[in-house]
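You will see subunit A twice below: alongside subunit B first, and alongside subunit C after that.
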Partner chain A sequence: MRAQLRGRLVWLVTGLMLAAMATTLSLRDADWMGDALWGQETIGVAQVLVLPLLAGGAAVVGWRDVGGILTLIPAGRQRWRHFWATFGAWAIPVVALYAVGNLFVIVASWWSEPSIPNATPWPAITQTAGALLVFVVGYALGVVLRSWLGSVVAALLTAAVLILDRMGAISTGLAEYAASGTMLGAVANPAYFGMRLVWMVFVGALIVALLVTVPRRRTGLLVALGAALVAGQLTFPTDDSYGIRPKRADTCTATPVVVCAPPEFRDRAVRAAEMAGQTGAVLRALGVSSPSRFVMWQPGRDHLDNLRLVDPGTFRAPLTLQTVVAGVVAPLSCGLWSGPEPPPYSWFYSKALVESFVMSQLTARITEPYGRLLTAKGAEQSRALVTQAATALQECDLAKVPPSFSNQ
Partner chain B sequence: MIRGWLADHDWRLALLSTGLAGLAFVTGQPVLASPLGESYQGITVGLLAMLCSCVGFALSLRSRAAAALGVRSGARYRLLWFVIQLLLVVAVAESVSGFALAPRRLVFVIGWGAGLSGLLALVSEGGSTLYGFLLFATCVLSPRGEPARWWAPLAHAPVGDAGVVAAAIVVLACGVLYVANPTRRAPF
Partner chain C sequence: MVTADHRLAAEGDEGDLRPRLRDVTVRRGSFVLACPGWRTRPGLTAVVGLNGAGKSTLLQLLSGQLGPTRGEVELADRTNVLPQVARLSSASSVVDLYRYLAALRGVRRRDREPEVQSALELAGLVEHAVIPMRQLSGGWQQRALVGQCLLGSPTVLLLDEPTASLDVGAARSIWELMRELAGRLPVVVATHEASASVEFCDQMVTVQAGVVGAALEGDQLRADLGRASQSAESFLLGLIEPEERSA
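After this line comes the complex of A and B, so read on.
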C-alpha cells in the first residue's frame, strides 16, 4: 500500500477531484453557504465530474496490474491481498477528500449568517461509498479491457450512468440528490440512504469477488451482479433521499406585526417584522388593512401568509425591504396564488403596482410601475387605483381589481 | 498518408465532429442533457462537436498518418497536415456558431481547446486524455445564465487580449513542435 501511495497517479487524480469539487462549491459565490446540507449536496453535484476521473484513474491501475503483477497471481488469496492493498491506497485519499469536503461546508456554513444546523452524515457516507464503488468498477474495466482505452471507457461509462440516472432514464442508486437550491426544512430519509449504501457495498463486493476468483466460479457471481443491477433499477426509481419536515419549532416576534421563524432566523424575523409594520402603516394610510401575523417561508408553507426571510437560491443574500413588502401587500394565503390556473395579468400588475407604491413611500424614490401611472393619471387618481388594487389583493378578490388594469 | 489516416481512430472523430457541427448548424443548440443539474450548462450538440474536434485534432498529430509523415516526408508535408487538421477544427467551430464566431473567441477556442490538447498529445498521451476530460468538465461546470469563465475555453468569450495571445502562442508552439520535431514513437 505504501508503494502505491508513493505513486503519482493517485495524488494527481485525487488532486483533480479536489479541484473539481472546490470549483463546484465556489460557483455562484458559494450560494449554499449557511445551508450546510445544500453544501453537502453541492458536493453531490460535482459527482459527474469527480467520479469519471476516479474511474479513469482506477482503470489505468487495473490495466497496469493485469499486464504486471496479476500475471503472477492468477487467482486466490494473494490476488485478494493485492487488490485490498491497491484499494486501500486509493481509499485513503478518496475518503479524506470527501471528509474534508463535507467538513468544510459544515464549518463554512457555521460561520455564515444566517446558518441552519441541518448537516447530516448520510450524504457524506453515500458519496464516499459511491466513489469507492466507482474505483472498483474502473479497476475491473481496466483489468477486463487490458488497454489504456479502459480509462476512457470507464470514465465515459461512469459519466453516462450518472447523467442518465439524474435524467431518470435509469436508476442505479449511485447518483446523489444534487440540490440546486436551499435544503431548508429537508430531512434525510435514513432508510433510502441505507438501502443505497447496502446496494453499493453489495455490487462492489461482487465485482471484487469476480476479480479475485478463477474463471469457472464466475458464472454465479455474474448472475448475482446482474440481479443486483436489476434490483437497483427497481429499488431506486424515484429519489426519496429527503422529506420535508420542519424540525425546529418557530419562535415569534412581539406585536404589532408578528413574524414566526425558526430560532436561527430570529434576527431576520425581527427586522422583517419592523419592515412589515412600516408596510402595514402605508397600507393603513390608504384605508386598507393587512395581516399582522406571518410565518417564515419554508417548503410546505406556501399556502400561509409568509415572508421570504431567506432567498432559496442564494442562502446568505441579505434580507431586503422589497421582499418583505412583496409578502405583505399580496398575502400568500390567497388561493389565487396557488390555484390550478394562474391568475390573469391584471392580478400580477396590481401586485407590482401596490409594491412599487409602498416602496416609493418608504424610500422616498418613485419606482415603476407606480411612476408611470402617476405620470399618466395624476396623484389623486393614481392613489385611488392603488387603493383599489391593494384592497383586491388583501381581500383576495379578483373582481375588485380596477378594470383598466387589463389593458396595462 | 490517406490510408494511414483512414486506418486510424482520428478520421472517425473528424467525421463525427463535422456531422455534429452540421447538425448544430441546422438545429441550433438543443440541450441533450444537463449532467450537473438544471442550474448548470447542459451538453449541446455544438459542444460535443467541439470536444470531438479538439480530441480528434490531438489524435491526428499522433496518428499513423502523422507518424508516417514524420518518417518519410519533409517538414512541408507535416505543415500541410497540421494546417488541414487545424482548418477542420476552425470549420467545426464556425459551423457550431452559425459562421458568426468573433475572431478573438475563435483564436481562444482553437488555442486552448485544440492547440493545448495537441501540444499535450505530442508530449504525453495520458496528459492529452486527461485534458480532453477536463475540457468536457469545464464546459458543463458553468452556471446557466452566467457567461462562461476563462477556464471553460470552449464556451468562454474573452474580453482581454492576454488569453487570446497566449492561445495563439499555444497553437504556434504545437505547430512548431509537430513540424520541427516529428514524433517517431508508436502512435496511440
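After this line comes the complex of A and C, so read on.
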C-alpha cells in the first residue's frame, strides 16, 4: 500500500476531488451553512463532479496495472492482495476527504445563525461507500478496456449514471439525495441508507471477485452482478432517503402574537412575533382580525398558519418584514392555498395588494400594487378595496374578493 | 527428427515434480490443445513450436490459469509465471518492486528482505536495485522480470518468450540467467529461439499444431545437431514441422 501511496496520481485525483467538493460547497454563497444536513447533501451534489474524477483516476490505475503488475501476478490470490493494497491506498485519501468534508459542513453550520443540529452519519457513510464503489468500477473498466480511454469512459459513465439516477430514469442506489434547499425537519431513513450501503458493498464485492477470478469462473459472478443491478432498479426507484418528522419540540413566544419554533430559532421567532403584531395592528385598523398564533414553517406544516422564519433556499438570509407580513395577511391554514386547483388570479392580487398596503403603512413608503390602486381610485376607495381583500383573505372566502380584481 | 533416443522415460525419478498433465485437452474457441502427458522435470525445459502452435496455452494450462476441457491436471504448489506480455515500466525501483511482489506472494515480513536480496543477487541486479524500472534498458528490465519470478519460493517457473524483442547479447544473458535458475528449480521456457534453446535446455518439448509432443533430452539434441551439420534453426524446424519438411 505504501508503494501506491507514493504515486502521484492518487494525490492529484484527491486534490481535484477536494477542489470540486470545495467549489460546490461555496456556490450560491454557501447557502447551506447553518443547515448541516443540507451541507452534507451538498456534498451529495458534488458527487456529480467528484465521482467522475475518481472513476477516471481509478481507470488509469487499472489500465496501468493490467499492462504492468498484473502481468506478473496471474494468480487470483496475488491479484487479490494487490487489489486490496491499491484499494487501500486510494481508500485512505477518499475516506479522509469525505470525513473532512462532512465534518467541515457540520462545524461551519455550528458557527452560523441560524443553526440546526440535524447532521447524521448516514449520508457521509453512503457518500464514502459510493466513492469506493466508483473506484472499483473505474479500476475494473481500466482493466477491461486496457486503454487510457478507459478513464474517459469511466468518468462519462459515472456522470451519466449519477445524472440519470437523479432524473429518475434509472435507479442504482449510487446517487445521493442531493438537496437543493433546507433539510429542516428531515430525518434520515436508516433502512433506506442501509439498503443502499449493502447494495453498494455487494456490487463492489462482485466486481472485485470478477477482477481476481480466472476467466472460467466468471460466468456465475457476471450473472450475480446482473441480478444485483436489476435488484437496484427494483429497490431504489423512489428516493426514500429522508422522512419529514420534526425532531425537536417547538418553544413559543409570549403573547399577544405567539410564534412557535424549534429552540434554535428562538431569536427569529421573537422578532417575527413583533413584526406579526405590527401587521395585525394595521389589519385591525382596517377592522380585520388576523391570527394570533403562528408556527414556524417546516416541511409538513404548509397547511398551518406558518411564518417563514428561514428561507428554504437561502438558509442564512435574514428574516424580513415582508416575509412575516405575507404570512399574516394571508393565513396559510386557508384551504384555497393547498387545494387541488390553484386559486384565481384575483386571490393572488388580493394578497399582493394587502401585503403592499401593510408594508406601506409600516415602512412609510408606498409599494406596489397598492400605489397604483391609490393613484387610480383615491385614498378612500382604495382603503375600502384593501379592507375587502383583507377580509376575504382572513376569512378564506373567495366570494368576498372585490369583483373588480378579476380585471386587474 | 524425433528418434527413440530422444524420448525420455515417462516414469522418471522426479515423479513428485508438478505440474503434471494426463490425457488433457483444452479448447479455446476453435483452437484445441492436446497433451497426452506432461511430467515436469528438473532443469531447463524448452517448449518450442511455431507461432500459434499452442505454447502459451500449454503454459497457461500448467500454471492453472486455464482449466482442462478434459483430462487430469495436477498443479504445482507455487508456480511463478512470466507471461509473454509481461512488462513493468514503473517509477518504482527494482528493489521496491521485488519487496512488493514478495509481499503479494505471501512472503512473511521477516523473510522478505533476505529473499529479495537473494533474488537480486541471483538475477545480477544488486547494482541496479535502486534504479527505477522505467530507467532500465530493455535487457535489464527483462532480467528484473525474470528475477522476480524467484520471489515467493516457487516450486516451478513458467516463462513465456522471456527473450522476445531483446538483442542477441541481452537474450543470451537471459538464457544464462535461466540456466542458473534451473539449477535450483524446474524452469519451463516457451521460446522461438532455436540455437539458444538447443544450447541451454536440459530437455525440449515440441508443440505442433496443438499437440504437445514427448520430451527430448537436451544432450541428445545437441549431439544430433552436431552430427546434422545444419543450422540450429533448420534442425529445430525439423523437430517442430516434420510433415512439411518431409513434404
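By our rule, the second predicted complex is superposed on the first by the 408 of 408 C-alpha atoms of A that agree within 3 Å, B and C clash if a C-alpha of one lies under 4 Å from a C-alpha of the other, contacts with A are read in each partner's own complex, and residues count from 1 in each chain.
By definition in this document, a residue touches a chain if its C-beta (ideal position, glycine included) is under 8 Å from a C-beta of that chain, and two chains touch if they have at least 3 such contacts.
Predicted model only: the values in this text are computed from it and were never measured.
Novice: Mind checking subunit B and subunit C on superposed subunit A, clash or fit?
Specialist: Subunit B and subunit C fit side by side in the superposed model.
Novice: Just to be sure I read the superposition right, which of the two partners does A:Ala178 touch: subunit B = first, subunit C = second, or both, or neither?
Specialist: first
Novice: Given the superposition on chain A, which partner contacts more residues in subunit A: subunit B or subunit C?
Specialist: In the superposed model, B touches more residues of subunit A.
Novice: Given the touch rule stated above, what does A:Met167 touch, subunit B (first), subunit C (second), both, or neither?
Specialist: first
Novice: Go through the superposed model and pick first if A:Pro331 touches only subunit B, second if only subunit C, both, or neither.
Specialist: neither
Novice: Considering only the touch criterion stated at the top, classify A:Leu72 as touching first (subunit B), second (subunit C), both, or neither.
Specialist: second
Novice: Does the superposition put A:Arg28 against subunit B (first), subunit C (second), both, or neither?
Specialist: In the superposition, A:Arg28 contacts subunit B only.
Novice: Could you tell me if A:Arg81 is touching subunit B, subunit C, both of them or neither one (first, second, both, neither)?
Specialist: second
Novice: Contact-wise, after the overlay, does A:Ala155 reach subunit B, subunit C, both or neither (first, second, both, neither)?
Specialist: first
Novice: What is the C-alpha-centre angle with subunit A at the apex and subunit B, subunit C at the ends, nearest 10 degrees?
Specialist: So the C-alpha centres give an angle of 60 degrees.
Novice: Superposed on chain A, how close does subunit B come to subunit C by Cα atoms? Whole Å, please.
Specialist: Between subunit B and subunit C, the minimum C-alpha distance equals 17 Å.
Novice: Where on subunit A do the contacts with subunit B and the contacts with subunit C coincide?
Specialist: none
Novice: Can you list the subunit C residues touching subunit A in their complex?
Specialist: Residue positions touching the partner: 63-67, 79, 81-83, 85-92, 96, 100-101, 103-106, 145, 148.
Novice: Using the touch rule from the top, collect the residues of subunit B that touch subunit A in their complex.
Specialist: Within the complex, subunit B contacts subunit A at residues 33-40, 125-126, 129-130, 133-134, 136-137, 140-141, 143, 146, 151.
Novice: Give the list of subunit A residues in touch with subunit C in this complex.
Specialist: Its residues touching subunit C are 3, 7, 64, 67-69, 71-75, 77-78, 81-82, 85, 214, 216.
Novice: Once bound in the complex, which stretches of subunit A touch subunit B?
Specialist: My answer: residues 16, 20, 23-24, 27-28, 45-46, 48-49, 52-53, 56, 60, 148, 151-152, 155, 159, 162-163, 166-167, 178, 180-181.
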